[in-house]
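Next come two complexes, and both contain chain A; in the first it sits with chain B, in the second with chain C.
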Partner chain A sequence: MTHKATSGSQVLSVELLARVEGEGGMQVHVQDGEVVDVHLRIFEPPRFFEAFLRGRAHTEPPDITARICGICPVAYQMSACLAIEDACGVSVPDEIRLLRRLLYCGEWIESHALHIFFLHAPDLLGYPGAIEMARDHRGLVESALRMKRAGNDLMTAVGGRAVHPVNVRVGGFHRLPRRDELLAVRPQLVAAREEAIAAVPVVSGFEFPDFEQPYPYLSLSSEHGYPLESGSLVASTGLTAPVRAFNEHVVEQHVAHSNALHSTFDGEPYVVGPLARYSLNHSALSALARECAEAGGLGTTCRNPFRSIIVRTVELVHALDEAIRLIDGWYGAPVPWVPVPARAGEGHGATEAPRGLLYHRYRIDDQGSILDVQITPPTAQNQSAIEADLRAFVQAHLDLTHEELTRQCEIAIRTYDPCISCATHFLDLRVEHR
Partner chain B sequence: MNRSTSLPSRRCRALVVGLGSIDRGDDAVGPIVAGRVREALQLSGDSWVDVAVHEDPSALPDVMSGRDIAVIVDAVRSGDGPGTVTWREVGRGEPALPVRSAPGAAGTHGIDLATVIELARTLDLLPARVVVVGVEAVDFAHGRPMSTPVMSAVPQAVESILGILRMADADRDAAPGRVSRMG
Partner chain C sequence: MADNPTLAVWKFASCDGCQLTLLNCEEALLDVAERVTIAYFPEATSAVVDGPYDISLVEGSITTPADAERIQQVRAASGRLVTIGACATAGGIQALRNFADVSEFMSVVYAHPAYVATLERSTPIAAHVTVDFQLRGCPIDRNQLLEVLAALLQDRTPRIPTYSVCVECKRRGVTCVAVTSSSACLGPVTQAGCGALCPAFNRGCYGCFGPSDTPNTASLAERLRAAGMTGAEVTRLFRTFNAGAEPFRLESLAHEREQVAP
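What follows is the complex of A and B.
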C-alpha cells in the first residue's frame, strides 16, 4: 500500500471507518489519474423509524425518535415536539422554549467535547486514537472529560438522564427543574467554559490541509440568538424561508450504495452543521464566543471542513456561555407543559442538532394518530457533500501514497462527525484505482 | 441516568457501577444487577460501597478515581451462551484491553467501555483493582424487556459481585485472576 495513485486503475478503500457512530464505508475509484466514482457506503441496516411511527399517538414521537441516536437524542425530541405542536397549532410559552434551549446546550456540550477531543483532535495531532493522544496530551484529555461531564450533568438536571432524556414531552416537560437543581450544575459549567476558552488556541494551532467547500450552506437562523432549539431556514444562496418550506428545496433520493437517503438542496450537494451554522449566524454568537472565534483565526465564515474543529470549539464556548446565562435567568415557569390536543393536519419542525439541521414532518388525523412521517437527519443531508469533498480532495492529492491518501480521506469524512446510526435511520473507506 | 448512593467510605473505598440502558433489552442487566447489589448491601448494613448507574461510560475515569476497587457490570457479547456470567480483572497492572478501531467503536455511548478503561489507565485514574462482570446478552432492541436467559443470570451476577466485594474487603491484596466463568 505504498504505491502512488497517479496511474493505472486503483481502489482506495477503508473497509470500516473508525471513530464514527454507526457502520459505513467509503470507496473511491481512480482511473488513469482521474477520480471517476466516489461512494459513501452506508451499510448500517435501515431502521424504519418513519414506518413504525405510523399509527402511533401524536404524543409518542419525542420518546420514540430519541432512540434513533444515543449522542443526539435531544435533537430528535426537540424537532419532533416542534413538528407536532405545529401540526396541532400550539405554541409553547417562552419559559418552556428557554428550558428546551438549556437542555439542548447540554447535548451540544456533550457531543462537541466528545468529537473535538476524542474523535477529531487525534487525527490532527497524528495519533491513532484518544488513548495514544492522552499519553502526550494528558491535560487536554482530562479537561475534555470534565467538559463532557458538565454536559452530562446538565442533561441529567434538565432531562432526567444524561443519555436519552426522559423529561421531554409534547407541549413541554413532565417536570420543571428547580432553580437550586440548575444552580448546582453552574460551577461545573463555569469551569468547563474556562477550559473550552483555553482549548481554542490549542485547536487553532493544529495544521490543516488547504481545502475549501463551494457548496451551499443551510442552517436555521433564530430571533432568539445562535440557532439551537428553533428558527427558520437560511442558506448561503440567500434563501430565507419558514421550516415548512424545507421540502420545496431539499430532495431526498435513494442511491444503490447507501441505506441512507441522499439529499440535495435546489439540486446541489449542500452542507449542514457547524460550518454552515457558524457562517450563517456568526453575529448571533455570544460576545465571548465571537472573541474566541477571532482569537482562533476564524473570519465571519469558514469553508474548510478540516477547520471545523475550531468552529466546534467556538460553539462549545457558546453553548457553555449560553447555558450559564439561561440558568442565571431561570426562575421557573407557570406550567411545565401545555396541552397539545390533536387535530388533523401536518406539522414541520427543525432544530440544530450538534451535526446540523434536523427536520421532522408529521401528518396526523383528528384523533392524533400519526399517518405519515419524514425525518431528515444531518448526516444524511451531508452525504452528497462528503462524496463531493472526497472526489475533489482525492483528485487534488493523487501524489500521496495510497496509504496516506486513504488516511486523509478517512480524516476528511470524520470532520463531519457523521452519525451513521442517525443517517439510517451510516463507514469502511475504499479508494479503488482501475 | 447517573443515580448514585453516596454512602460513606469506611472500610474500603469500593464502587459498583451498573452500565447500560434500562430501555434496551439485555442492556438493562448492568443497572438491574447494580440495583440488586445496592439493596443487598443496604439490607446487610454494609455502607462501604458506592453503587452507581451510568449509561455513558465516559464518566467512569472520574467516578473510579481514588477507589481501591471498582466493579463494573455490563452486558457483553463474547460468543458465550446467553446469560453466561464472566469476570475479568482489568485494573492497574493488568494487561491493556484491546481497543476496537472499527466503526461503531464509539458505540451509542459515544466512547466504549474498553476505550474508557484504557483512557483511565493512561491518565493514572484506574484503581488498583477493577473487575468487569459481564453478562452474555442476546437482544439490545429498544423498548424490549431483558431476555429470559439474561434475566435468569441476574442473581448469579449479584452474588458474584457481592463475593468479589467480600473478598476485597477481607483481603485487599486478593490475587488477580483472568477471565473466568462463574457459577
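What follows is the complex of A and C.
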C-alpha cells in the first residue's frame, strides 16, 4: 500500500496508539485532498473520580487522586493538597513547600526520562520500542534507566515509593525525611545530571519536521523559580491571573465533530506542558539548564512540538540540578505537617505535572465532607491542539505515502506525551473497539 | 531468542502504575527481556508478535461491555494468565461505583452519558475468566513481580506471603502506630508485600495489598469504633483501592448499614 492521498477518500487510522499511557487511537479523514475530520479517539474506560470523591473526607484526595495516574501520582497529590488547603485557608510553611518541590523533581526526572528515551526516542531512531532499541543502543538505554532510577529513588526517599507515594498528606508530610536519607540519593542525581547533559546533543541531533503552530501557551509562573509545585497562571497572550481564575479562561465545550470535551483558552485551542512552560519561564531555568538549551539549538521559546524532546531533556537537566540544590539546602523543618481544619468553602490548586498544568477544585462543607470536585488534567487541555496539529500536519504532507503519513501522525501525538489514563476520567468518550 | 517464552502485557481500567512497575524493574528489565520475548506490551513498544502467548500479565478491572469480551479473548490467547494490582485482583478504586448508582456517577462526570458505554460494576479479572496467579498491590511491588516472573519461568509456585502487614512491620522493627498513636491502621488485616511502608512513615496502613489470609476485620473495626471512629469513617477506611475484595466490602457495608439505622 503506497498510494498517495491526492484524490478520493482516505482514512489514516491507528487503532491502538503504542507508547502512550492509556488506551487511545486516532482517525484522520481526507476527502479529495482536504482533511475533513480529525479524531483523537479515547477508549480508555471511565473511572468516575469526580463522582466518587463526593462524600469522602477532605483529607483523602491526595491518596485517592494519586490513583488517576501511575506515571504522575505526585502531580495529583500536590494539586489536591493545594486546592484543599486553599479551601480551608491554610498555607504551609516554606520548608514543606520545598520538600514538595523536591518530591516533584523526582517525578519529573522519572517521567521525563521515561518519555524521552522509552516513548519518544524510539520513533527518532526507528525502533518499535526501547527494548528493541537496547539491542543496538544498549548504552543509551542503560543510561536512561539510570536517570529514571535516580528519579524513582528520590521519590522513594521523600515519598516512600515511586508509584503512589504514601508520605504525602494535606498540610505536608506524614514524616520528614532525614538528611542522611536524602544525601544517600545525591550521588545518583549528580551522575544522572551528567548523563542528561550528555543526552542533549543526542536528542537535538535528530531530524525534526519544520512545523510550528501558533496556539496560546498556558503554564504556571512562580516567584520560587521554574514552576513545579506552586505558582499563578501566565499565558503567551499576556494574561497573568491567580489559579482561582482558571475557569474564567478555560472552558470545556462539546464540539460537533467529536464526542470529546475540548478545552479552549479564551476561545482557542491551547497548549500546556514542556513547550509552554519553557517558553513562558525560560529565564527561571537554572544556568546549567539554559546552557543546555542553547547547546541544543533552542531559542528562548519553542513552537515546534516535534522538538519537545529537546525541551524535555533541558527540563530533565533542570529537575536534576534543582533536586541537588534542594537537598544541599535541606536541614529539616519544624513540623512535618500543619493542621488543616475543615471549613466550608471552595479551593483551587494547580501545579505543573510533567505533561503540563493540572488543575483541581474542591468544594467542602464545614465537616470536611467533599461536595463537588473538578479535575482538569493536561492531556484533556491539549486535546484540541493535538487534533489541530494533526489537521495541519496531514494537510501539509499529503504527498507522503499512507503508511508514512500515518506513522508521522502517531509520532506527532506522542510528542505531547499524552496521558490517556489521566484524561479519561474527564473526557467524554466514544467507545470504539474495532 | 525464538525459544524464549512469550510475554504479553494487557491493560483494562487502571492507572498504568502496575505496568510501570515492570518498566521500573530498570536494570532487571533488560535481563527479563533476555529471558522472555516481550511479544505484546503497547505501553512500551509498538511491535506486536501474534499470539498465543505463554505468559500474560493483566492490569486493570472490567468496567465496559467491550472489555468483558476482550478478557475472554486474552484468556483464550494465553498460556498462563497472571493478574497484577488492585484493579485486576479486586476491581480497584473504580469499584466504588459498585456501592452507588453508576448512571448518577455518569451524569456528574459526562455531559452526554449516552455516548459512554460502562458497566454498573467494576469487577476483577477472576470474576470473568480463570486466573493462574493473582499479584496484589496498589501498586504491585517490583520484587514480588520479579519473583512471579521467575517462578513462571522455572515452573514453580511463586513465593508470595499471604500473612498480614503486621508481620513485616515487626520484622522491620517499626514501632506499632496503632498502639503509639491514634492512627487507624489496616495492617492487621492487610496482606504483606509493601514492607510495612506506611507505619515506617508514621502513618497507618491504608490497605493497598488487600485482605490478608483469614482477616479478622470485625475485630479490628470494633477496636477502631471503640477508639472513637464513626461508622462512616470505618466504612471509608475499608472502602478504597480494594473496596471490591470480599472481606473489605462486607466490613464496609456493616458500618454503612449501622450508620443509616435510626
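Here is the rule we go by: the second predicted complex is superposed on the first by the 417 of 434 C-alpha atoms of A that agree within 3 Å, B and C clash if a C-alpha of one lies under 4 Å from a C-alpha of the other, contacts with A are read in each partner's own complex, and residues count from 1 in each chain.
Here is the rule we use: a contact is a pair of C-beta atoms (placed from the backbone, for glycine too) under 8 Å apart; a residue touches a chain by one contact, two chains touch by 3 or more.
Just so it is clear, the model here is predicted, and its values are computed rather than measured.
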item: Simultaneous placement of chain C and chain B on chain A, clash or fit; value: clash
item: Which of chain B and chain C A:H174 touches, first, second, both or neither; value: second
item: Superposition-derived comparison: chain B or chain C, residues of chain A touched; value: C
item: Partner chain in contact with A:G297 - chain B first, chain C second, else both or neither; value: neither
item: Which of chain B and chain C A:R161 touches, first, second, both or neither; value: both
item: Partner chain in contact with A:F52 - chain B first, chain C second, else both or neither; value: second
item: Which of chain B and chain C A:E60 touches, first, second, both or neither; value: second
item: Which superposed partner A:V141 touches (first chain B, second chain C, both, neither); value: both
item: Chain C region in steric overlap with chain B, selected from 132-140, 168-176 or 222-230; value: 132-140
item: Intersection of the chain A residues that touch chain B with those that touch chain C; value: 16-23, 67, 69-71, 114, 118, 128-131, 134, 138, 141-142, 145-146, 148-149, 152, 160-164, 421, 428
item: Residues of chain B that touch chain A when the two form their complex; value: 1-2, 21, 23, 54-56, 58-59, 61-62, 99, 101-111, 115, 118-119, 122-123, 142-143
item: Interface residues, chain C side, partner chain A - complex; value: 11-21, 23-24, 26-27, 29-30, 33, 38, 41-47, 63-64, 66-67, 70, 92-94, 96-97, 100, 102, 104-106, 108-112, 115-118, 138-139, 194, 197-198, 200-203, 206, 208, 233, 236, 240-241
item: Contacting residues of chain A [partner chain C, same complex]; value: 16-23, 43-52, 54, 56-57, 60, 63-64, 67-71, 73, 114, 118, 122, 128-132, 134, 138, 141-142, 145-146, 148-149, 152, 160-164, 166-167, 169, 174-175, 254, 259, 261, 336, 421, 425-426, 428-431, 433
item: Partner chain B, residues of chain A touching it in the complex; value: 16-25, 67, 69-71, 110-111, 114, 118-119, 128-131, 134-135, 138, 141-142, 145-146, 148-149, 152-153, 156, 160-164, 420-421, 427-428
